[in-house]
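Next come two complexes built around chain A: one with chain B, the other with chain C.
Right, the complex of A and B next:
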């Protein structure tokens, strides 16, 4: 009797975990299944199965262009956010800087401002400084959004770095820049890698900033959004499934890499 | 960080010739040596190099847009037009409080975000506890990974996948009809239910990770000691586990709340005419044919200030000692 009562919470907790996992996976599984439906509309049950939607998506020029456009924006965002994020982290971690806490708080500001407000304030800002909506504006907004996360990840890593590593390099004759390049950067690599993957995934995923700042060329989320709003067909499911598989592969690879480098 | 006041600058360059190719040539060049010499000699130059770009970036792009938004929210007209006044006024803020069309969605948005936050906390807490404390350590990463994978799918795709489940001819309705529970489909999509379902689906991760890391840090012997001293499961939870996971609860709730307040794509796809929340109202002011930027900016300011104060008060009241974002 006693063991039964002791096990009850454990069983309930296990059940909650599995119900939650099913809740997370089920909608996506349904979405993937629907991409094989042999009909022009989205509805269950699926009935006849086909691969033709994938053929259609792969030949879809719009999809290809939007994918390449999104990837290009993501890469540009990643490079700029990493450089600026590392720079801010170095400033915050440096000793004897007045107002470090304030600088850090302001560096994290875009992470706590709700996404919509972030997008709107950037829209107002680029109009004030005469930047047209379009590719550059999107990259700028994505970078602003990604910088706080890079700063936090790099700072966490920097704090665990033995202070005398750089001193040792300097004693052995490296100038500050070489010491930074050959000691600090390699030590930061795991955090940099994590931060870069984060930048790529959030940039490719972003909808609200692109919605307000984008020009006429659609990014991948904009394309999917437009297709969902204007008449649904399993083609969207095939498209979404391809994107899902690719981003999950990137995520899993990143996870594998960070775990290996940690151990 | 670079305390080398005792070293002459020339010492620092002895390793440079090891580099071949253009890097080596650049590193041996007079310009590079001159620059590095300046960097090593003067603390002021070092500080300028370290602080210049970050401070300009933060001032221009982290603070600048919000200041400009605040500025425009006080203008009578924007962009300035020759025949209309461009004076400072509070009319845009007054409009918000006088018109129910704006005020109601705002209140709805705040309540919606609060409900979503509390539901997410209740749903995710046992899951986080299970992964952090009951799963064997060697399987823990795998158990967590299973929950993380769906989140790599991205906001829009996950929102879209909720439609597959809840639509009139979606999986749930078809299944219910198959088993004879209902005759005609329950209209679940385009209601508050579908919107909350979707937003919880989108944001559960932001609750899961802080909770997991907070609960994982609770020493298991502490919980066992409470059990040995006669505390039942409920008392153990109430007196030991809950207070010790407070930091995780505070940061998880703050993250989910701030994101839920500004959620944008989900209401467009999952919400209906009866579930219009504030972000949609703001967006129409910027995107409609009528260009009403000052009003939109004022409403955005209200939303920003109110949501940040709510979270600030919440942190104060619940009092996580060391609240961190991640």
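Right, the complex of A and C next:
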């Protein structure tokens, strides 16, 4: 592979990478730039710059409510997905459990089922068991979607854990529960943290499941979608920019944290 | 004296495989006991059963006279040092050592004192705040040892704790371990497959093979008086002479070996004339002379190979009776060269009959 690529002129490779990078970043940059435009339509040139759209967004009660609602759902999703995910990972990594492979496959299924199918089936399911659409149903769907990622991250970490660590804790006087709390959980911390950040981000990002399962109260993506229906405006750009900056910051911090604790 | 640890008819099988086979072992308090044997002979399994990580398939283990097979590891007053140390990576050295003390409900001032005392014992006072990843192999080894000693167990178990260290550090740690054992007066049960390590450190060596005890005794006793071919070969090297007992008198058997009469200690066995026996003979017990000695028995041969090994010289002697014998001689005392005729022999007590 290497020698094959070496035959290509370096400049061609470099140039095509930069084209790709521009393609990645340019739309985001445009969106951000437009959020500073002092006019209520989106087009070049920008002309006068302003922060007024941000002022408007921050004072927008709908935006604040939707944000808090999304964050609340994300936190509830994270807590339940983490507990269930860790539990399944422990089950799968235990030595003498019958049907390990089946448990693992079932837990991972939601990661590969298309979001739309997942959403429709959940909708049918909650109707069948008489759960109303709304917050609880959204959390259910988000949790099902997030669990596989927690399972895989925790399982990977568990597999790298020296078997003797728990034995050593038991040997020094810890009962199984204390050993789990004081040795296994701290050891899993980087994976747990990474998994939790992932849960938060996917939950906040989710549109399809929320669309099918939500009630009248909009989450952030629903609100933005509703606003876009009424036509693009720099205000939407400002909203999107805020979401982008916050989620990127959280993601980068998580990456930094897991990398540091891994070394 | 009551044994501190007593395995009574303990068996452990994994399916069809018998890892520990009818083990009967009593260990006196305050001793440095080594379980020695080849890979897979059941040493770790024995230790893990005592620690509480495996339970015997049958039989019972007694700790200070009380049966403990039903107790979980956290309720046994023994601690183990694992081969890979198993230090908690998220805790500092000090917190690692304090782990067992905290679980005992000791006050934090007392814990602090005990941790610094233990660290001082291995000259690691300045390392209490370090993380395990920041320590060298030898330092980790010491921390693991102190962590296991901290809760003041009756018996300390060590499963090949030195095998990850390089040769030099290993020798240093052997001496250090032995001196810590003496200082604390605790019973150490040490597992290794390295016979030299066992000879250096132990008060008692338990030689194991295929889940059974081959022989148990002091290092010098095992070396000088091996009872089986396995022990004679596993600890040091031996020549084996197979022959037929001709007569026995005064604890010395005269054995007919390839047309020669050779003498050997009966070594606790009760041979009768006509028995087929094996005699074990250490190479360093063999003497080589250029002329036939008048005052003692000797066999004639010719030097086939001569290898200088520094502290001694190793000779392979082809005897006139058709067999070969390994001998070790002083490198300066004699200047035998390959092809020289020699007369070899040994003191009667230095050759021993084997029971099996």
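Rule of thumb we're sticking to: the second predicted complex is superposed on the first by the 254 of 263 C-alpha atoms of A that agree within 3 Å, B and C clash if a C-alpha of one lies under 4 Å from a C-alpha of the other, contacts with A are read in each partner's own complex, and residues count from 1 in each chain.
As a convention for this text, contacts are C-beta pairs under 8 Å (C-beta built on N, C-alpha and C of every residue); 3 or more make two chains touch, one makes a residue touch a chain.
A quick note: this is a predicted structure, and the numbers were derived from the prediction, not measured.
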First (chain B), second (chain C), both or neither touched by A:173: both
Touched partner set for A:11, first chain B, second chain C, both or neither: neither
Chain A residues touched - chain C or chain B, whichever exceeds: B
First (chain B), second (chain C), both or neither touched by A:189: second
Which of chain B and chain C A:164 touches, first, second, both or neither: second
Contacts of A:62 with chain B and chain C, given as first, second, both or neither: neither
Partner chain(s) touched by A:40 [first = chain B, second = chain C, both, neither]: neither
First, second, both or neither for A:25, with chain B first and chain C second: first
First (chain B), second (chain C), both or neither touched by A:52: neither
Touched partner set for A:217, first chain B, second chain C, both or neither: neither
Overlap of the chain B and chain C footprints on chain A, listed as residue numbers: 167, 170, 172-175, 178
Residue ranges of chain A in contact with chain C within the complex: 162, 164-165, 167-175, 178, 182-183, 186-187, 189
Interfacial residue positions of chain C with respect to chain A in the complex: 51-53, 72-74, 79-80, 82, 84, 86-91, 99-100, 103-104, 147-148, 151
Chain B to chain A touching residues, read off their complex: 1-4, 7, 11-16, 27, 36, 39-40, 46-47, 50-51, 53-55, 57-58, 61-66, 68-69, 72, 79, 123-124, 126-127, 129-131, 134, 141, 143, 145-150, 152-158, 160-165, 167, 169-171, 174, 201, 204, 233, 254, 258-259, 261-265, 268-269, 279, 282-283, 286-287, 293, 296-297, 300, 303-304, 307-308, 311, 325-326
Interface residues, chain A side, partner chain B - complex: 8-10, 12-14, 16-17, 20-21, 23-28, 30-31, 34, 42-45, 84, 87-88, 90-91, 93-95, 97, 103, 106-125, 127-128, 140, 144, 147-149, 152, 166-167, 170, 172-178, 201, 204-208, 211-212, 221, 224-225, 228-229, 232, 236-237, 240, 243-244, 247-248, 250-252, 255, 259
